[in-house]
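A short write-up of the structure that comes next.
Think of it as A, B, C and D in the order they're written, each chain with its own count starting at 1.
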């Protein structure tokens, strides 16, 4: 990326005042990146900005309260930062934000689907339009647009909303003005029994690792999540699909009006359960009822933590 | 003389269907974008190319299992008197697991050293272990996260398996590696395997070649103890860990559990479910004190346990067979190999006298 | 836990449609239940003793009573279990009367439902914890809202009992509706003669602070410690200096101001004192009619005022008062009768309300006590009284009986004859409701001694006929049509809750019915209490009442306040939220949503945590449903308690 | 004892103590006949109701859930029902994606004096749930347990 060096320079400038800067670097194969914690000069060089940087690094911030932390954010990640600031879960004074224009990240499961087997990736060359992945000596050429994460296709916030350092040229806010819920709307048209069956079938393979929760930048209960507590005792430890689904509803509801749809819950899921749709549904209704979108304005209050005496968009049942 | 048979890929389902007549058969298949072990269903495709997303651990050590069902019986004459009647829920029947990988299946040998010792036998574990046979597929391809050869195993390691299946052109060469394995290879669908033995050896040689050279991990137990108190080291290597349970739940050698009672009305069950040392609750004490308060403490435990404490107790055997799932599926890209190597290479800044 | 279950027959109230023995037998099968029985009247003394005995005999540590609503007897049974040495929160009630036996006759379904309710109660009980109240000191001052006769009575009783009283009255004088009346039934004694001295007492009592022409802006706090913001509306007259001499009123050139005290049968001046006996007797300017305030020209009052107390720049003023209890005595207002098109809908000047007629009868009223037709000032000869205008009439949304109109109509008929011996009164009525000491005798006097013509029937139409009004109605006793040529028609307009009653209720956090009348704690047993601790009701704000009833309630409310203040400390309700400090992550969402500011941030070993101030917490539980990790739990309604009820009902 | 087979469905009500529970009492005192399906859980305030209780009830086998609180502006705790309205509304809109028909869960406001309104609400809601029939149930630990039952029901 053109501005990678510029970013390194900014980090170099800011680092002396900071305990750590979180960015990304290469991982176990050329198709993967990993969060990268920069403590000193020797770590700066490893920083890489690429479409493989899927991780939302805002996830680390609430757990680092009290430390001076720099964080590199994509546009979508910056919304998580805004939401965390809004809810006073992190302090603005402690956070230094590095922004850059993001052109989208790659959805690994799409790559896997396109190529079939990606166990041994030897190289991955990326250009603006395409990428060539060599697996077991065989090159596979893919269009970037085919393997771009869904959220990136209808991204409306490619540039960080909030930043202390911004490198590269800003990409103007893209259309459409409203989030894209086409897939969700298609699903909503299914018969109720199909919807019901769908979730049971999908959740069945859940291993209750709670990566969805741990990867979520706004799941701040962390060690005290009600999924595992006995008081309150919301869920049993039985291996049943009811409790697995119930947890997803808990997560979605606790995210209502707070979720920025970064998609980390679904990306983190080791068994690829399409749980983002539940959050999208919640967000769609939040937008409908409260005309509200999380993580775009520092001064907002999440809608479920406030109220109006007269709710314009709530029509109660007439008995 | 070992029994070798050749199975045509096209006969795989028929063979499993035969096995399913007397056993419950598990085989890997796609569910969504993941490969998991599910009860054999002739209508679904079986995935055999590479290791499944989730290992077949649950076939012997379920994610959650009932240990005891109990009922409170009230004395009709005196409701104050209650009799508790509890029954162990022992698993019944035999199971055949097709399609695990050597690293998956060998993992149970780690369990055996804990659940089947001279002093104690875990009856639930034993019942499943004794009644489960494994038809393991040797790996034809290696993945960038594979490191079985670092930890004393190999893509064709037969330990723990009953039959080893080596992919050859058009099918598998099946080798019985246990007496129980031989009984599995009696089907008329299976052809004589000897003509394929050479081809199978070539496949395995090629895989080993691809794996490359393994680093020497023999120092890891001692080295990890050396850095035990170096929290700065552990904080740095655990910085990106998000404390979920993916690594432990996908690990074929992680055997920790939690026990809870779930009661409704007069009936209840005592349940054993997977537990996860990455979670703060794992070591949370009733007082509220937590001896492993941070993720650094917890990741230290996980790495330490596998590469130091377990080997110390069990003849130097590392409690990891290098399947690499903890690396591949980690949402944050934590790489256990990297941590072990860092510990081995770690040079204290203060030189001893 | 060892639970005892008592299933009440409530005589036949429950037993008739619920098989209580079956319910008790089913309860014996529930976890934790070691004793279950059915009893005739659990709330009776022998019934309560049975609970106490069972607790001792079976070592019970939790009790479920399946009977009436907890709103009825929860307190009763809590005291019972306490008597037996149990903590009173180790008790649960299943409401199998109001919610079961009284709403359906299917015995099988009812019994089945009762079993479910008992199961829920006992499952919840197993999650109950003993709770202990905290003590807090109280502010022994009382706020009386409304200076009508009920409020006056309450204020004087409290003040005489040694309490400091703050009285807030909306208008510029106290006295309320009673001050407008000429005479009172059934004694026909002069209203202002009996009320006047009490009004003076209020003004002079050293323990009473009166804020007239003031309103309640805001109420915060809780029983024992309320904080009230009072808005003193601008009068444009410095009341500290005003002597009530009335010169300003006399000289004021603006003569067309609305005279609300006189029910608008005449006009008053833009600066006015409502009536001669007003308390406080102070002038105020009605800015709507004052030329000086409207156009900046005039200033006559300022020129003539001997004490220089006119202040055209005056602004509303806000005062904070701290009290421990509140008595609301906001009274009633008249129904807007103009919805009755058949009575002319307000188009005929000689159709007036009973209260306007009172002002006309009053010697201190605008007519000096002479009955005159508003249209031409002539003395009427035939006067028609129509009862139940906006009472007992579903078609205008007022199905209830105002209760005192029959009596004042009789009084007005009698007074009409006294004032105009040659007149004839007619009363169209539905029923005569004259229950009360000497009441029926009084109405009979109106008929028999004063020759009032009582016609049982409704008036279907009034229309002008020359300078008279033709009143056409039915005489249902005779079965004939009746027509009366009336000179004056007086409507006995029904009472409704005073304007703004519901807004005040919201501030007080008390309930009101669909007509705006405040809900009492219990229709029989708690007539002056509300469901909000420390807030009491007096007079017609709870429902239409005549003078003796209003006064009685004023005294009753005062007795309740004096009783409340007889202790120096109150016990706080322990059903409040508590924070599990280990689980709290200090996100502050509970603090953000608490309506009472009862949760504060504290520092716990360097970490931010939430902390509930028990005496401020009102126990709504918004925090509990807000906290994502369930670290703040409302005691007695914890997640686990509610989940246990859900699980008792829904078992897959 | 579960629901009366064939006669009743499982309907759970969450009612605030101050208004709606009182309204249900008032309906009882007035002897306003109502269907017997509903079981009422009393909570101090509609603001206390975590919408997840509703999901929990449905997933555990309830066929319908009814929530009732004080009318807006009349909350005993002044703001509880305002919060409740937002939270309940969002959950109501969310539930259909899980495969619960709209109408399985309703919320409303009934004051302590509105016995008749309570009767009407209960009657109408019970009727609505009976029209919808039993809600989908999750049986057994594995999804296949439920899915096979659902398939069988379709045939």
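Operating definition for what follows: a contact is a pair of C-beta atoms (placed from the backbone, for glycine too) under 8 Å apart; a residue touches a chain by one contact, two chains touch by 3 or more.
A quick note: this is a predicted structure, and the numbers were derived from the prediction, not measured.
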*By label order, what chains touch chain B and chain D together?*
A, C
*Chains shared as neighbours by chain A and chain D?*
C
*Between A-C and C-D, which chain pair is linked by more C-beta pairs in contact?*
C-D
_Geometric centre: closest chain by C-alpha means_ = D
*Starting from the mean Cα coordinates of chain A and chain C, work out the distance between those two points in Å.*
55
*What is the distance, in whole Å, between the centres of chain C and chain D, each centre taken as the mean of its C-alpha atoms?*
32
*Separation of mean Cα positions, chain B and chain A [Å, integer]*: 30
*asked:* Can you work out the whole-Å distance between the CA centroids of chain B and chain C?
replied: 71
_chain B residues counted as touching two or more neighbouring chains_ = 64
_Residue list for chain D, restricted to those that touch at least two other chains_ = 51, 56, 60, 73, 79, 83, 87, 138, 141
_Touching two or more other chains - residues of chain A_ = 204, 222, 234, 238-239, 242
*With chains as vertices joined when they touch, what's the shape: line, ring, star, complete or other?*
other
*What pairs of chains are touching here?*
A-B, A-C, A-D, B-C, C-D
*Considering the complex alone, what residue numbers of chain C touch chain D?*
26, 69-72, 95, 97-100, 102-106, 108-110, 112-113, 115-117, 120, 505-506, 509-514, 519, 531-532, 575, 593, 595-596, 618-622, 624-626, 634, 637, 639, 642-643, 645-647, 649-652
*asked:* List the residues on chain C that touch chain A in their complex, please.
replied: 580, 582-585, 587-589, 592-593, 626, 628-631, 633, 638-640, 643, 652
_Give the list of chain A residues in touch with chain B in this complex._
20, 27-29, 32-37, 39, 55, 59-60, 109, 112-113, 117, 119-121, 136, 202, 204-205, 207-211, 213-215, 222-223, 228, 230, 236-239, 264, 267-268, 270-274
*chain C partner contacts - residues on chain B that touch it in the complex*: 72, 74, 76, 79-80, 263-266, 288
*chain A - residues contacting chain D, complex*: 184, 187-188, 192-201, 203-204, 234, 238-242, 245-246, 249-250, 252-253, 256-257, 277-278, 281-282, 285-286, 288-290, 303-304, 307-309, 311, 314, 316-317, 319
